[in-house]
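In the part that follows, the structures are each spelled out as structure tokens.
Two complexes are shown next, each including chain A; its partner changes from chain B in the first to chain C in the second.
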Partner chain A sequence: MLQVIINAVLLGSVYGVMSEGFSLMWGVMHILNLAAGTLIVVGAYLSYIFMMLLPNVNPYFTIPLVFFISFSIGVVIQKFLYNKMVKGGLRRVLLLTFGLNLVITDILLFVFKANYLQMNVNYTILQFKGLYIPSHRIIIFVISWVLFLLTFLLFTKTKTGLIIRATAFNTEAAEICGVKTARTYIITTGIAIALGGVAGSMAGTIFSFSPAEGAVFLAKCFVICVIGGLGNVTGTMIGGLIYALAEGVGGWIFGTQWQSCIGFLLLYIVLLLKPEGILTKKN
Partner chain B sequence: MILERRNTIEKKRIIIFLTLIVAGFLLIPLFERGYILRFLTFMFTSAIISQGLNIIGGYSGYIPFGHMGFFGAGAYIVAMSMVNHVSFPIALLFNIVITIIIALIFGYPLLRLRGAYFAMGTIAFNGILKEVTVNFTKWTGGGYGISLPQIPWNIESVNTFFYYIMLGWLAVCTIVVYLLAKNPVGYALRAIKDDENAAATSGINTSKYKMIAWITSAVFISVSVGIYAYWMTFIDTSIYDITPLIKSWVMLLVGGAGTVMGPLLGAFLIESLSELLWGNIIIFHNGFLGIIIIITILFLPGGIIDLFKKQFKWSLIREEIRKNKI
Partner chain C sequence: MKKKVLFVSLLIILIVTLIFIIGVNSIAEGQKEVKIGAAVAISGFLAREGSLVKEGYDFWSEYVNSKGGIKVGDEYYKINMIYYDDESDSIKGNKLVEKLITEDKADVIFGSYGSGIVFATSAITEKYHKLMLAPLSTSNSLYERGYKYIFNPAKLSSYNGKWWVEYFASLKPKPKTMGVIVLNDLFPLSTVEGLKKPATENGIEIVNIEMFSKGTKDFTSMLLKIKQNNPDIIFLSCYFQDELLALQQMRELDINSKLVFMSITPSLSEVYTILGADSDGIIGEEVYNPNMPYKDPIFGSNKEFLELWHKKSGGVNPEYTNIYGILVGEVYQAAVEKAGSIDTEKVRQALLDMDQEFITGRVRFMESGAPYWNPPYPLIMWKNGKVEYLSPPEGATAEPIYPKRPWSK
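Up next is the complex of A and B:
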């Protein structure tokens, strides 16, 4: 049982970072980025490419590269696509992101040929302390929380963070104060996709992935964001933890074939009882 | 909706036009066999699903991404009944009753959610139904699927039989949508789509009407998929796959959400495109649909049927874009 909990805690960190991007885009721009899941998988594929191209480099050093590339992808998407429709209403944006998701998934399918799942091979040194803890999961745990800390500091201490929060809080007031909304949104999406991409490359060391896996990640993202509160940086991270625990413990009690169902049930229950998120304060 | 704002001569022309088309479809089985019939029957299935989505998405403005749950419900209920030697019409009746029950159970909590939460809530609904189907192997055949009894006629008669049944159900659905649109229910739904709070304040019982829309769309879809299951004589959990739903969404959007004829037009266009273009190209199927969705949303949010409306102008498209971007 303790093994299950420890696994969940380690995994929950990646889940948290993965959902941060999604949560950010929703909180700031009210865009439910259905392409988020696929973009996470893109991160995994990117780090896979780097692993193939640069076999002598430690995979963890390529993470900043993945960050920058994902950031650029996010910028491009927001600037040329999402910004055209942000004011159009939720329905349109939802379907737009949906369409984008389809396109990206198919591009991935096309480029990486067959649909089989690839495991991102890595340093799996098992450490025994009465429990089995693969070393790469600990490294990922550390990286995730560092990323979270950086994001948190970005939003609370820096001017960019302040601008983003101001725009999220009241777009018009921010514009009056001289904030360029379009540019802010672009930066926000860049950060969001970058976080997702890095999470993806980390998740790639744990899970096997394929172009279609994006949907699975998206579902998890959403559950986690709803639990943690959309737009809430800390809440999402903790939501990731809660989700991983629910999955792990639930799977342990009921059997692993029910794992996804438990995830969905959790989502359902949270949506019914407290859609704003367990961890947000009601405005 | 096409019939409003036109004078009587135009109305008569439109009615004649439609009657000719319907007669045409009724007579096709006399001339064509095999491939074209199957193609059209499949098109009708997608059109019915689009109509179902139309009611809840187009008219009420609630976008469900998880309606595949009803695909599964429809297919499996019919399959399980028929495997137990229930006749087809009665299986369909079971289907309708059970679908209404499922829709009520899940609809009540789901419809309390708005917008994005609703969309994701329906995905959860689908996920739950799918997992339940997969895991209760004793009844549902789990991953192995269920084989339905085959009709002991020759192939051509079977094709024709299903062609007419699907066409019939499509006609029923379209007529229901048409009546709904003209009815106070339709007005209520459109009010809900525009601004739910305002509608509720004006005294419209939003929960009741949303539930009506939800149940109606559920029944449309599950019956059509039930027929489809019998036609295919085999179903498995791939019925919970989102791809057919995507296609129906594209048909709805391209054709025109919130109109009576929109889904039909969309179904026809997309299905034909699908057959003509992708007979050879198997890859990039979904991606192409995605591109169509993006282009439609950006430029033609009302769907192609907008082009037929009287008040359409090309400059309106440019205005729409300018209005919506930052």
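Up next is the complex of A and C:
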């Protein structure tokens, strides 16, 4: 059981980072970004390209590059697409993000075909009292929490973070105070897609990916965001851990075929008992 | 004035283009064609396998068209392949197959990859009395419905179990226990069902059957339960991406066994790309052995087919999904040429009467459309980055690495 918990915690940190971006966009702009899963996969493909171009460089060192490119992608998407739809109502947003998801998936299929890819990283297995912990999972665990910390500091200690939070809290009041909401949204989406891209890059070192993988990631992001609370950076990270633990421990007790079911059951329970999220105060 | 000249020029160009297009089509329409509809998985979770099946269909159709087409009586019919993407979704597949039949007027349907989708889409072809030739739809349940118009040349999953278990039992020292990891889906489940009786008959106890659902990314709990029983064989009955994940997590958790068996697509290159030297000794079943000296009515022989394939692929061997895409085309062509017609009932009868050797060996069909089991089927093993063939003896290139070496640390 302890091995199950350890593996779930290590995996849950990646899930948390994966979901941060989705949560940010939903919480700040009320955009349910159905392309989030596929944009996570784009991060994995970016990392793969760097691995091909720089074969002597450890894939983890390409994470900053993936971050900046994903950020740029987010900026472009928000400026030229989403900003036009932010106040357009849920239906329009869903249609737009759904369409974008299809376009990106097809582009990936055209360029990379449907082959399963993965970043091969050298790792050792640390053994301790019958427990096995691969070193590359520890590395991505550490990277995930460093990213979380940086994001947390951004939102709590910087002016940019304060502006984003103010905009999420009350857009009209923020505009009255001189905040340029369109610009704020662009920065928020840039950060959101960058976090997703890096998460995809890390995930690509522990399991293989293909253009179709986006749907799997999106489903997990959705559940984790609801558990953690929309726009709540800390809550989403904790939500990732809770989700992975629920899947792992639930799979151990009831059987792995129930893992996904347990994850969604958790979603249902949270919606019943604390719909605002586990770490988010009501109103 | 200038605008008028420009307008008239554009109009003339447009008219000439239209005449050209209509003219070319008229010329083309002079040659008869057989329309073959195929809704295949180009996207979705089966995109890898579906794309390879489509490659097989294309290879066959392009080759046959280059030779003038399919001989139907005294004429040659050009093959017109019509493709749609079923997105690995059976509901979408149903709509597309219906479209192919009712709107595109396809004469025959070539199936998608996998049993799940074909289980659904074959109901459509049955409704319209259209033949469906499915490349790799091997779940027994497809052929227990009393359908008349579905045919599949790949052996059924229930046959797999007997053949595989007999091979396991022949190894020395004989393995005594087996742990199974199975995806909760039609084909993997039927494969595992097919293992149970032969395992009991051959004295191999199945100590674990661990099931998981699509989208699972953490196999820790399943693998640890298997580790508790320490089986001699770990049997993977799931699609390729999940097999890869299971193998990697087995390595991370240091779960070793004497034999690791991949039941689906063991020879895809990603096995070696991702596992490296740890892929040595992993065994699986391939459905095609390039070393076998089979005769073939379309390509001449297996050897000649392979030369043509290598010429096109730059020396890369075909995947099993390519092979069965090609085989479906070949079988259909052979049936049409025998029947002397593309009429569904005549072609169906020709398929039922078929007893012929192709690139994969002898092909015969039962009344249900399922193939007769024609062993032996090739077993492969990874060794030093290459796929080696363990069976049949006349096509073998290596001995099994048994027991498999423990994972490197």
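One rule holds for everything that comes next: the second predicted complex is superposed on the first by the 266 of 283 C-alpha atoms of A that agree within 3 Å, B and C clash if a C-alpha of one lies under 4 Å from a C-alpha of the other, contacts with A are read in each partner's own complex, and residues count from 1 in each chain.
Note that in this section contacts are C-beta pairs under 8 Å (C-beta built on N, C-alpha and C of every residue); 3 or more make two chains touch, one makes a residue touch a chain.
All of these numbers come straight from a predicted model, not from anything done at the bench.
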Following the overlay on chain A, give me a clash-or-fit verdict for chain B and chain C. clash
Quick one: is A:E247 in contact with chain B, with chain C, with both, or with neither? Answer first, second, both or neither. second
Which partner chains sit in contact with A:L271 here, chain B, chain C, both or neither? Use first/second/both/neither. first
Could you look at A:T160 and tell me whether it touches chain B, chain C, both or neither (first, second, both, neither)? neither
Would you sort A:S260 into first (chain B), second (chain C), both or neither based on which partner it touches? both
Touch test for A:R91: chain B only (first), chain C only (second), both, or neither? first
Once the structures are superposed on A, label A:T181 by its partner contacts, choosing first (chain B), second (chain C), both or neither. first
In the overlay, answer first, second, both or neither for which of chain B and chain C A:L11 touches. second
Just chain B (first), just chain C (second), both, or neither: which does A:D106 touch? both
Given the touch rule stated above, what does A:A219 touch, chain B (first), chain C (second), both, or neither? both
Among 7-15, 97-105 or 241-249, which stretch of chain C shows C-alpha clashes with chain B in the combined arrangement? 97-105
Residue overlap on chain A between the chain B contact set and the chain C contact set? 105-106, 109, 219, 257, 260-261
Please output the residues of chain A touching chain B within their complex, sorted ascending. 26, 32, 81, 83-88, 90-92, 94-96, 98-103, 105-107, 109-110, 181-182, 185, 215, 219, 222-223, 226, 257-258, 260-261, 263-265, 267-268, 271-272, 275
Contacting residues of chain C [partner chain A, same complex]: 42-45, 47-48, 50-51, 88, 184, 210-213, 215-222, 224-225, 240-241, 244-245, 248, 252-254, 270, 273-274, 276, 409
For the complex, which residues does chain A have touching chain C? 3-4, 7-8, 11, 105-106, 109, 113-118, 120, 124-125, 127, 132, 134, 137, 206-208, 210-212, 216, 219, 244, 247-249, 251-252, 255-257, 259-261
List of chain B residues in touch with chain A within their complex: 61, 63, 65, 109, 112-113, 115-117, 119-121, 123-125, 127-128, 131-132, 134-135, 242, 246, 249, 253, 283-294, 297-298, 301, 321, 323-326
